[in-house]
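Below is one structure, written out as structure tokens; comments come after it.
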Amino acid sequence: MASKTAQDVSSEPRGFELLLAYVGEPLVLAFLELRGIAQTAALTVAYAIRGQRRREETWSQALRIGNHSLLFVAAVAASLGTTLVYQAGLQAQRILGDLTLLGPLYLQLLLREFGPTITALMLATRVGTGISAEIGSMVVTEQVDALRMSGVHPVEYLIVPRFWASTVMMLCLVCFSVLVSWVAGMLTAQLAFGVSPLTFAKLTFIIPGDVVLMLLKSLVYGMTIPIVAGASGLAAHGGSEGVGWATTQSVVNCSLIILFEDFLLSGFGYLFLLR
Amino acid sequence: MAIESAKPSEEEKSWSMGVADATLGALGRRTLSSFGVFWAILHMSWEILIRFFPPRIDGAELMRNLYNVGVRSFSIIVVTALFVGAIMVIQAGIYVEQYGATGLLGWGAGFATVRELSPIMIALMFNGRVGAKNTAELGTMKVTEQVDALRALAIDPISYLIMPRFVAMVSMMTLLVVLGDATALLGGAATSQFLLGVDHLVFFRSFVELIHVSDLMLGVYKATTFGVAMGIISCHYGYAVSGGAVGVGRAVNDSVVSSAIAIFVLNYLVTYIIT
Amino acid sequence: MSEAELIVRCEGVSKRFRRAWVLEDVELRLERGSMLGLIGPGGCGKSLLVKMICGLVRPDRGRIWVNGQELGGLGERQMQALRAQIGMVFQNYALFDFLDVGENIALPLRVEGLLPPKEIEQRVAEILDLVALPGIERKMPHELSGGMKKRVSFARAVVRRPPLVIYDDPTAGLDPVTSAKIYRLLARMKEEGTSSITISHDLDGIRPLCERWLLLDGGRKLFEGDLAALEACSLPRVREFWHGD
């Protein structure tokens, strides 16, 4: 459709056709984008299951994705935790006048929603841009073509190690981030409202479904980021502009897809896990 | 960051020395290099600030940037906000169902959305879409010597390139959050009607009755602050690029990561100061 | 000339980008053991054509045979087997910047998995001797000069001893002394019976090496034939490109 409309522009477009073009072109582009991501996802999973294992490469990717994100994730988790507890505490004081439920409910929301999703969005920013910039610059310098000429499939060689590393490290980082947010929230509750850590740290509300949902979300996000970022990187073309384009595309695509998955998984949790 | 990336081999070595040493080493390096970055960002803020008295902005560039920043991010922000509203209604819905307090659904979901999540999520998307693109564009201009060419023509690159981008980012970020709040409300209402079975009028009523204008304004203030931070940070990293296509990729990565940290820290500060 | 003597054959190859045809109805025939000079102004589709021959880009129309096998119906796995018979020297070296020189050259052999590691090492050393860069296995690509990178890229392309080698502008941006070294390598490969396609702007440099010439202009074939015919050709665009008038 994109090509058809462009032709029409050169030969006197009519109002209705122009309208179609405005509506249609973004849809077609989004469809093509999604198809590229789906293809990469299928290839990644196929190679991850039966391709060769590259232990060392996976290990060093895990180090880069996991350990080098610790400080970043901790900073974000701590400031988010503090803010959330502070705001929730103010409201609870105003409306309920009772702060004993603050800790348990906060931990529950952290497990169900904020822990996995915020961590994943942060990693989409930090790791996703890294992966797409790296693969994108390999594409524009023809290194990816050279890989294929050497008989290596770029998805197997470049994306699969990052896929395993990111899937495993995401689980660890989410647990870490939940822990940091929880401790930060505990300190805030103590300092701002005088809620003792013992009251705050009650686990009464937590059900197995909460933990299952958290792990499920982390697993899905961890698999999403390298696939989407890798697909954007492989779609790069042109010089340094191409790399910039791929990086931008990767953050936006990763974040949108994570939000969409969050919506689906939260709905799934609401219907099946948390009753 | 520059110091850290210049010595990858040392980092590999430090891994074998043990986790504690590695973490301390990374911490030290980061502290040192982040001082440099912090200073450079302050300098960039000053450069921008003095150009407001009197305003020295290129008019045509400003219009072009306002259009690019605002219109290009529109669809992404709308989609993001719809999901944010929907997800928050699902999360709040679990509690509302437990206690049978459907009248509080609009308040519970709306409060968290307009004060916290809508500004943060929209800022993160904006960071990926506009901030990253901004850094990539400025960086490409820098490495292809276009910035030097401007100087040679006796045009101040900061008034011509950076001021329009900065003003466009701040104003559009503020407006997009207003738009995002409204869209999130729609997404929330649809979810409450179709997934939770709570009538959308009940949802709207509790939102209108229990959410104050000050709650909405807090979100807007946050948005403006985030816009200022992202504008300065993305322009700084773009303007400081060196080293070809690889340098551009790295700058984009650093820019989105720093902006994300700034968003969360500022979120905490603004919440604390205003409430 | 029978079909079996051809190592590459293209028929009506076309490629479209967006709406514009960037390559239209290109024909190419390359005999075993000979060298084809692929020339033309910048952006005329030379690099695209050779990427299609390697199976890196699929044509929208037309058919390509390499070593008697048609590329059209091949799956990714068969295509990889076929690519093992083609070596490619990329325009901007395309050395893997995360691997050292030795690993760069060894990668095609390691992937193939036919040789034990010891023998691969030996082959890498031999091939580095051939390109007159002995003992640089442990250097990283960014430590090398342009001419050295080109020769390492050459070494990686020919390490599997493929019957067909493609050189994408092998002397771009090199000084005359280094260029001469590269041409000696090209001549040597030819003596050993390798067929090749060479893209170049240095017409004088490849003139003694190529038996056949293909001149592309704006995605179309302008001329195909031997040197004498090219020099005698009366088409104005051909004369303009070849003689510079």
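By written order: A, B and C. Residues from 1 in each chain.
Just so it is clear, a contact is a pair of C-beta atoms (placed from the backbone, for glycine too) under 8 Å apart; a residue touches a chain by one contact, two chains touch by 3 or more.
From a predicted model like this one, the values you see are computed outputs, not experimental measurements.
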* To do: Note down the smallest number of touching-chain steps it takes to go from subunit B to subunit C.
  => 2
* To do: Pick out whichever of the two, A-B or A-C, is joined by more C-beta pairs in contact.
  => A-B
* Asked: Among the chains, which one keeps its Cα centre farthest from the Cα centre of subunit B?
  -> C
* Going by CA means, which chain is nearest the middle of everything shown? -> A
* Structure fact -> Averaging C-alpha coordinates per chain, one finds the centres of subunit B and subunit C separated by a number of Å equal to 47
* Between subunit C and subunit A, distance of the C-alpha-averaged centres to the nearest whole Å -> 41
* Structure fact -> Per the C-alpha centroid definition, the whole-Å distance linking subunit A and subunit B comes out as 16
* Among the residues of subunit B, pick out those that touch two or more other chains and give their numbers. => none
* **Multi-partner residues of subunit A (each touching 2 or more other chains)** => 141
* To do: Enumerate the contact residues on subunit A facing subunit B in the complex.
  => 26, 60, 63, 67-68, 70-72, 75-76, 79-80, 82-84, 86-87, 90-91, 105, 109, 112-113, 121-122, 124-126, 129-130, 133-134, 136-137, 140-141, 239-241, 243-245, 247-248, 251-252, 254-256, 259-260, 262-263, 266-267, 269-270, 274
* Asked: In their complex, what parts of subunit A are in touch with subunit C?
  -> 3, 6-7, 141-143, 145-153
* Asked: Once bound in the complex, which stretches of subunit B touch subunit A?
  -> 12, 15, 22-23, 26-27, 30, 75-76, 79-80, 83-84, 86-87, 90-91, 93-95, 111, 115-116, 121, 124-125, 127-129, 132-133, 135-137, 139-140, 143-144, 195, 244-246, 248-250, 252-253, 256-257, 260-261, 264-265, 267-268, 271-272, 275
* Asked: Tell me, which parts of subunit C touch subunit A in their complex?
  -> 18-19, 51, 54, 56, 76, 80, 83-84, 86-88, 90-92, 94-97, 107-108, 111-112, 156-157
